[in-house]
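Since the structure comes first, as structure tokens, the remarks are kept for the end.
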């Protein structure tokens, strides 16, 4: 049962049919989940903005750095050129280089890319070292290629899977979560989808209810280490250029803030935003020196901003609702969100139905 | 009665004695409130980080651009040099240049500054054009110098005063608000004070309660114009360098997000952060080429981040609780927050006392 | 006689017909020169990207901060929204607010702008305080409006005029300079025009010849104060979006570097870049939520980058060749470039004709 | 024979004893050069700011993005935290991930780092795909670890070695180059060392002499592909904080500009700047929440800026003077700089000795 299954509604906008990033036409998600022995709890999540050859048909994109204590690969070229040319891969902190290398392999071996000699792989990460023996770096090229190969549209698996297999959030078991919003037809009818890999701390709130305070479940000393982080991926079919995609990405942090996230010193919080609008694809090679593009005016971005905030908040909550108890390396344990206790709390707050 | 007078507590950290930016030792605030005839509803708020000659003893500082659709003066030099050398002045959008000019006058005429030929005035703004005939640009040099001259420590006037005289927030009357937090002694015992000029929109939440949704009081079309904006000023006695002050400033936007703010396209949202730690003052002239400074390590910033988030959220709410009904230009009217209705709502949500 | 009149050619690209920023169709430049008594040596230069109502028809733009120790007005909104909505005004450091205020006046009083309540004035500056009693702030609103009113296409006055009236460069008299480049038809045939206000230091080179070293005319102690700065304005008819305009702006600093400029600590070096391509104008209001735009692909920007570098280098040199001896406040004197001595040096270097 | 062996002096400041980045006390450089069969022409260069455990004793650092069309690893954390915690490794574009992975291995296996679970490897690159079969990705972990192990102080090998083995510059054979400057004792006596990996284009100038123009050796169509780039590493013993290190890094691009570089669209130009001042090392763990640091004041940075410009210009020229003819993949050939022709040209320009 996802969050909405309990009658809890986040925000004021409508969700898409699946309430998932895959509500954006053409988007696919795939996971490789690695649970091995007592100590390996990690994985890979791949997100494909479209099903074509991404290198040959790049997509407008931007990355916003909420807090840069992280190892995301690919930032500077996206900033400079305003586009992304590979799938997006999420994994654990110490596996970023191998995942990036796998994305190069993937790109070089695609048909039409025989002469490509420069690739900008995009890999995000959070640190699952509490449950996973991260120093072993078990993620292989094959794991990454599998996640891409298995990517599909349709509902997205959430919780302890893919890059969220071993993550923690607000002291509970975190993981992968997703959500979407569709803005009213009069405002363009666009869809905004979000996928998160949650591994951060703060003072947890559920739809405004101060759960952490009520359950007295937060660190008084606020000594968050370097093992935090949240990766947020936003995809929309709205025709935004890279400048407005960066603005959209920035809003996701407000959604994170609503869950009680504080972007602590050690939390590497990054937001990747992509537009899949077909008219704005960027061909690798072209006879024309000019790109004919149709971009939404600055004035019309606000509904999308709200959509990104709401979908981020809900995706984070979905990750927590989907995650399950896990024991990992050194017998470290993360409990799932105590849903019954929390639902009772919500009942007391009489917020069900709102 | 301020928010806490109703038993409503925001966050988990302690406030300072006055729950105001002036809880940070040495900080002074002054207002010039301009209410004239039917059409002038504007003013000036001045914030002094310390009472000495700010040009001769600069303070480490940073400005974070939450959303840059605004006219703040002074950004680029603060970014480059990491310090601020004048009081901070807030006013209305079209009066920024005259306020900046007044700050130059102020600086040039201070003793010791006889040879100063370069000044970087810091002026923030929001657009009070709904209640104020902003095109008249009535703010004068004298109004600015008065705000500085009247600046005092002690409690800070909130609501319809100074630069908040004519502002609007979430469809209600906005204004000036302030709040503070003191972090536990074991974490340094530092104070973080925040002052806001609220003039923005979104889907209002009060301590997590979805007031706008419950009262059905928000724009379905999300067509926020260019008249939004929120100015946020953070001052702390914690010894932060400009890099960590920028990180601190960034967190204030999470506090704004918690009130339901969405940083709409037209909202110029800026956060100015300053450290008043005496050991880190930056002398204009010095015999030594070296600055001996004591800065907090990156690892120890998190409690301050939380403090900034909580104090920003509460300062915004304080501005709304303090503001009163106002009629202005063209008979435009802004109602104060319907406090009784809202307190009843809160009662229903049983959140009083939390 | 301008630089090319002596047979000195900078770079490899062709200049436009006038070798001036006004070679870009529709661009106009106007100066107000203020030379009063013994102590006033300052002025205003206005640059109009097109002759329509700039607020109603904004132009794609970007500002690159070479070194942010300066007081330029308008940066953050240009960064956020990617456009400029007023003429560009250059003046002295302490007159920026009054010039910005005048641009607001100008914008508010234009037909069609009766309801405008938010304007982002763009004002750049350098510090002419060595020759000008800058603390007097003599520049008035009328001076700014005059510069705009007198703006014309055709050749641009250079040297001791407008905002360059009292400036210094490499220890000589600086001022206003301009230059342009036209890229080959096969590469698009676009024009890139540059105008500079030169007031900076370093180790002067003329077309590669180490003039400062040969003439032993540079500061051994490199103690440049806060009075430096160079303002650079680039306008092109190439259809660049704001992202690529920022990249173009960045290249101008390479041109400054070629003259021996070093962007010293106290030098506020800013580059404003604008595209006047008519198909990409941004209407203030529009029935359509979509902008249909034609932008040059990233791959096709390089020739424009070279053009910006060459035109910046030559514009700086033109400012020095045009400037004349000046005595100002406190009997301070700046000598013009010793042209005969330098031409002899060039002759020795046998570089004439190259 | 290096450039100065021909009597050519760049700039006005003194070089260090070796005119190399290793003139900065404690800095070590190591190369792994990979020349295999007909098609492999690549390698690795490692730069160690000090010989201790860099993770345990981090160094203040900044990275400036001259042009972000590149794949440098590690940018965002350096920007956020202001320090570097691994050696710097340079290699080819498609080998960045494997080099980054090797740096993680290196860091994890160092004594004292047994519990480290988060590492930010710094890897720069240029694209040697013209001479090297870059798609083969032959660089191994061992190659990287060897470069680090072999790193030594003393003179630095230049030209066709390490990461410069297969690079091209201005149409000639490029490679590794280095240079240094020592600023006058009265200004602090600090050393600034630069190392470059040159692989970029433009219109070549040697100490101001327009070599490319004279020899008619440049592309009329300016169609530089994505295979350009220049990596620049600056190390200084001056006590600069990360903010002023970023400013220092920015100046290196002016030095690149003086050689005729234009930062073409496809050129990934990055500048990494580090301070080795011992008093400002940043311990990984510490009992004190405060860092006691001694930083140079903003006002005293200018001589260092000039030093960075001059050393970058000379390091680039040194790379060209040291590089030798090379034939690589697909029988592609790069000729070394035609030194005799050029020296004759210089003779004609009578610039020897200046």
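Points to keep in mind about this one:
Just so it is clear, A, B, C and D label the chains in written order, and each chain counts residues from 1 on its own.
Note that in this section a residue touches a chain if its C-beta (ideal position, glycine included) is under 8 Å from a C-beta of that chain, and two chains touch if they have at least 3 such contacts.
Since this is a predicted model, take the numbers as computed values, not measurements.
When the interfaces A-C and C-D are ranked by how many C-beta pairs touch across them, C-D comes first. Chain centre most remote from that of chain A: C (centre = mean of CA atoms).
Each chain gets a centre from the mean of its Cα atoms; for chain A and chain D, those two points are 35 Å apart.
Computed centre separation for the pair chain A/chain C is 44 angstrom, with centres defined by C-alpha atoms. As a whole-number value, the distance joining the C-alpha centres of chain C and chain D reads 32 Å. Contact of a single residue of chain D with at least two other chains is seen at positions 67, 69, 80-81, 247, 298-300. Chain B meets chain D in the complex at residues 80-82, 188, 239, 241-243, 247, 282, 286, 288-300. Across the interface of their complex, chain C is touched by residues 65, 67-77, 79-81, 93-94, 96-101, 104, 108, 116-121, 127, 129, 134-135, 137, 226-227, 268, 270 of chain B.
Here chain A touches chain B in the complex through residues 11-12, 66-67, 69, 184, 186-187, 202-203, 205, 207-210, 213-214, 218, 220-224, 247, 250-251, 253-258, 261-266, 298-303, 305-306, 309, 348-351, 354, going by the rule given at the top.
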